[in-house]
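Common to both upcoming complexes is subunit A, partnered first by subunit B, then by subunit C.
After this line comes the complex of A and B, so read on.
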């Protein structure tokens, strides 16, 4: 197996990981940055590497280019066989990395909830279709319904529209009272207001409905129309695609496999982004959903701390508190309504990989019980999709991840000595 | 327009944009689905970011995620749909 050594390994090359790797090098450490995407940028800066149009993206991506950080892309972390050892899988086969300290910057994923028709081709996550389109998925001239919850709906609709899509409707499940409270709370963070105003400008003329949600997607081989509910009103809308996501959930699989403590579904960190496991840091959405500003600030702090120079992040420390206020504000105002728990029918697929129906899962008592009885969460995605849905639908906690973290070529595991209790990277 | 390249999808030669993901190339070439579920229903890319595994296809003989893989000239792609 190919092997690499590094002082600081940064897992994930989104804003948090880029800031961490660049800051670690500036603070005097050798950093290796690895991501399963083909290029650095994470979700928000998808497609910006070779043609940055966003000024913050341009600044950080050129800082990364100019820095001695070693970047390896198209490699997915699949195993953590021993402390300080990380196994990746990619097109050219596996790679084993040995490092002294690690920064986890694996971001977040969308919460997707089951409803009749959600497995049809043409039904995507909201940010999901946005990032697919940033990588060339054809949306020009297509009629798209954007639905679900949170500020990502606006960002997704604006970028799909700029690529030529016709946005039929944005259906936000939160009521207008919550949204008004969210909006007025932003007044304390003026640049967020400017950002929001910029998004709204790009959406002039697009119908936006609060307190509305999609109850069904219809079509034979592909989605053709959706049913949208608003109070007692029900409408059917023709469309070529449905982009629906119910907010973001932190990716915590890597942290959990390393034994890091979680709190409220996110990785617990101290003021230097240090997790409960010595030598392991976490930055960005994994520590709790907070968006790009939080990701950059935490990345800087984590990079300096992982290089052993936490004191260099003093100014970032001051910005950290502002980003935390925004994160808390976001969580308060986009709670999901109870009606979303009854969209799925007993025969609606809940676990997409193993085709486990909602009705079969509902009869179980926990994620573990559902695994044993129905194979829920045992397929390719390893409960990344249905786990977040079950948490909302049934209040089930996540089951502990076991290696491999993702299906990989068998060659990755031949040489692994499996660690029961991953500890401190040495 | 970005330059086009040739790839082979399910044994057929097609021209697609050279600057996109395999998932996007499949859709440009008119293929809606990437795989069949256990019950025979069609599935396609959903999360766009390597989470859902619905976009998995065979690329040059290996199972890969179409949404994370940049398309390249001469690629041989097989769907399971």
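After this line comes the complex of A and C, so read on.
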């Protein structure tokens, strides 16, 4: 197996990971930055490596280019066989990294909830469709309903619109009271108001409904229309695609596999982004959803701390408090309403990999019981999608991660360093 | 809370063994309560490969496993589709002439129990399983062996029991055995003249001195793009690994899942009681499997896990009265064969408890064989 050594390994090259790697180098450590995507950028700066359109992206991506950070892309972390050892799988086969300290910056994923028709072609995650469109999937001229919850809906709608899509409606499940409170709360973080104003400018003329949610997607072979509920009012809207996501959930598999403690579904960290496991740091969405500012601030702090120079992050420490306020604010005002638990019918698919219906899962007592009795979450994605849904629907906790963290070539388990395999004693 | 309820039979443990016993005794008309501290089939039963296989390394094991496999075949039409029962057969693989001679002896031993099998030449083996490596000596095909998905089978047996009036209580454990009763974790007491301890590896928690050790095993499942295999493939060297020695061992044992995935087994080790996956053993498991199935080199792993086989000093289960305590019965210690032998265990225990004719000799399984050790411990 190919091998690499580094002082600080940064897992994930989104804003948090980039800031961590660059800061670690600035603080005098050797950093290795690895991501499964082909380029650095993460979710928000995807596709900006060679043509940054956003000024913050330009600043950090050129800082990364200019720094001696070693970047390895197209490599997915699949196993953590021993403390300080990380195995990645990629097109050229596995790579094993030995490091002294690690920063986890693996971001978040969207929460998708089941409702009748959600598996129809043409139904996407809101952030998912945004990513597809950024990668060239054509949306020009398409009528798209954007639904779900959270600020990501606005970002997704704005970028789909800028690529030529016609946004039929943005349906936000939170009520206007919560949103108004959220908006006025932003006054404490003025640049968020500016960001939000920028988004709204891009969405002028797009209908935006609060307290509204999609109850059903209709169509034979693909989605043709959706049913939207608002209070007692029910409307049917024609569309070519539905982009629906119920907020983000932190990716915690890597941290859990390393034995890090979680709190409220996110990785617990101290003020230096240090987790409960010695030598392991976490930055960005993994510590709790807080968006790009939190990701950058935490990345800087984690990078300095992992380099053994926590004191260099003093100014970042001051910004950290502001970003935390925003994150707490976000959680408080985009809580999901109970009605969303009763959208799925008994025959609505809950686990797409193993084709398990909502009704079959509902009859079980825990995630583990459901895994064993219905094969829920046993398929290709290993509950990455249905796990977050079950947590909301039934209050079930996640199962213990087992290797591999994602499907991986069997050669990833070959731990011998030379080309020769150790012989089986006979 | 201290409620006292009373039943004829109380079963501790809802693994496949406890569930099979509950079904059998409820069908016999007894009032039965099964208590499972976690979820049905969640311990060894969940970790298992679910290979229903006749093993012949001693006459008692042969009698128990042959009887049990026949019972699974009879039950097959009633099992739900999700139990994934199939009769794909076992293919025992010989690498050399010595192992081929062992295949012949195995054929003879199986025939003593009325089990038909077919010796395969190297060419016939390759024809049956083209994915196998070149250069193998041949094998023995046992067409009557099967496989199933154990946790669903266990829960189904429990539902059958419930349909005959049994109470199935999950999420509460038995804390203690007392005179003619058990004490539950919630403080309540359940009285029963017969208490059956069917809690696998946890038996020593309730019965001090119960001769059971945990024998850890690793398994790995691939994604659907694995080489095509029809039978459960097992190397003939397997028995050596299964029973020989106390050290770590790895034997080639592969099962095709109905989904097209391959389940790769298996390792055996004592003295590691943590459930974590040991990378070194997964590596050995894969390398061993690749010697037999070279196509695995490009396969993709989906998940690896571990489980514990409840193991007795002589590798035979404990089925029958526990001499140290009146009214207490044991049905545990099934090591690596308890999914197969759950139904035979249930029939043997029921016959003893109800005074019926025994389906096969009960003595080799009598817990009393460890009486000296037990009285010493008690």
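As a convention for this text, the second predicted complex is superposed on the first by the 415 of 426 C-alpha atoms of A that agree within 3 Å, B and C clash if a C-alpha of one lies under 4 Å from a C-alpha of the other, contacts with A are read in each partner's own complex, and residues count from 1 in each chain.
The rule is short, and it goes like this: a residue touches a chain if its C-beta (ideal position, glycine included) is under 8 Å from a C-beta of that chain, and two chains touch if they have at least 3 such contacts.
Since the structure is predicted, the reported quantities are computational estimates derived from the model, not experimental observations.
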| item | value |
| --- | --- |
| Which superposed partner A:404 touches (first subunit B, second subunit C, both, neither) | second |
| Which superposed partner A:122 touches (first subunit B, second subunit C, both, neither) | first |
| Which superposed partner A:40 touches (first subunit B, second subunit C, both, neither) | neither |
| Partner chain in contact with A:366 - subunit B first, subunit C second, else both or neither | second |
| Subunit B versus subunit C as contact partner of A:82, first or second or both or neither | second |
| Which superposed partner A:291 touches (first subunit B, second subunit C, both, neither) | neither |
| Touching partner for A:380 - first (subunit B), second (subunit C), both, neither | both |
| Subunit A residues touched by each partner, larger count belonging to subunit B or subunit C | B |
| First (subunit B), second (subunit C), both or neither touched by A:247 | neither |
| Overlapping contact positions on subunit A, where the subunit C interface meets the subunit B interface | 380, 407, 409 |
| Subunit A-touching residues of subunit C, taken from the complex the two chains share | 39-42, 46, 82, 151-152, 155, 170-171, 222-223, 250, 277, 279-280, 282-284, 286-288, 290-291, 296-305 |
| Complex contacts: residues of subunit A adjacent to subunit C | 79, 81-82, 365-366, 368-369, 372-374, 378, 380, 382, 402-404, 407-416, 421-422, 424 |
| Sites on subunit B touched by subunit A in the complex | 17, 19-21, 23-25, 27-28, 32-33, 37-39, 41-54, 56, 62-64, 67-70 |
| Residues of subunit A touching subunit B in the complex | 36-38, 43, 74, 76, 91, 109-110, 112, 119-125, 127-132, 135-138, 221-222, 349, 352-355, 379-381, 384-385, 407, 409 |
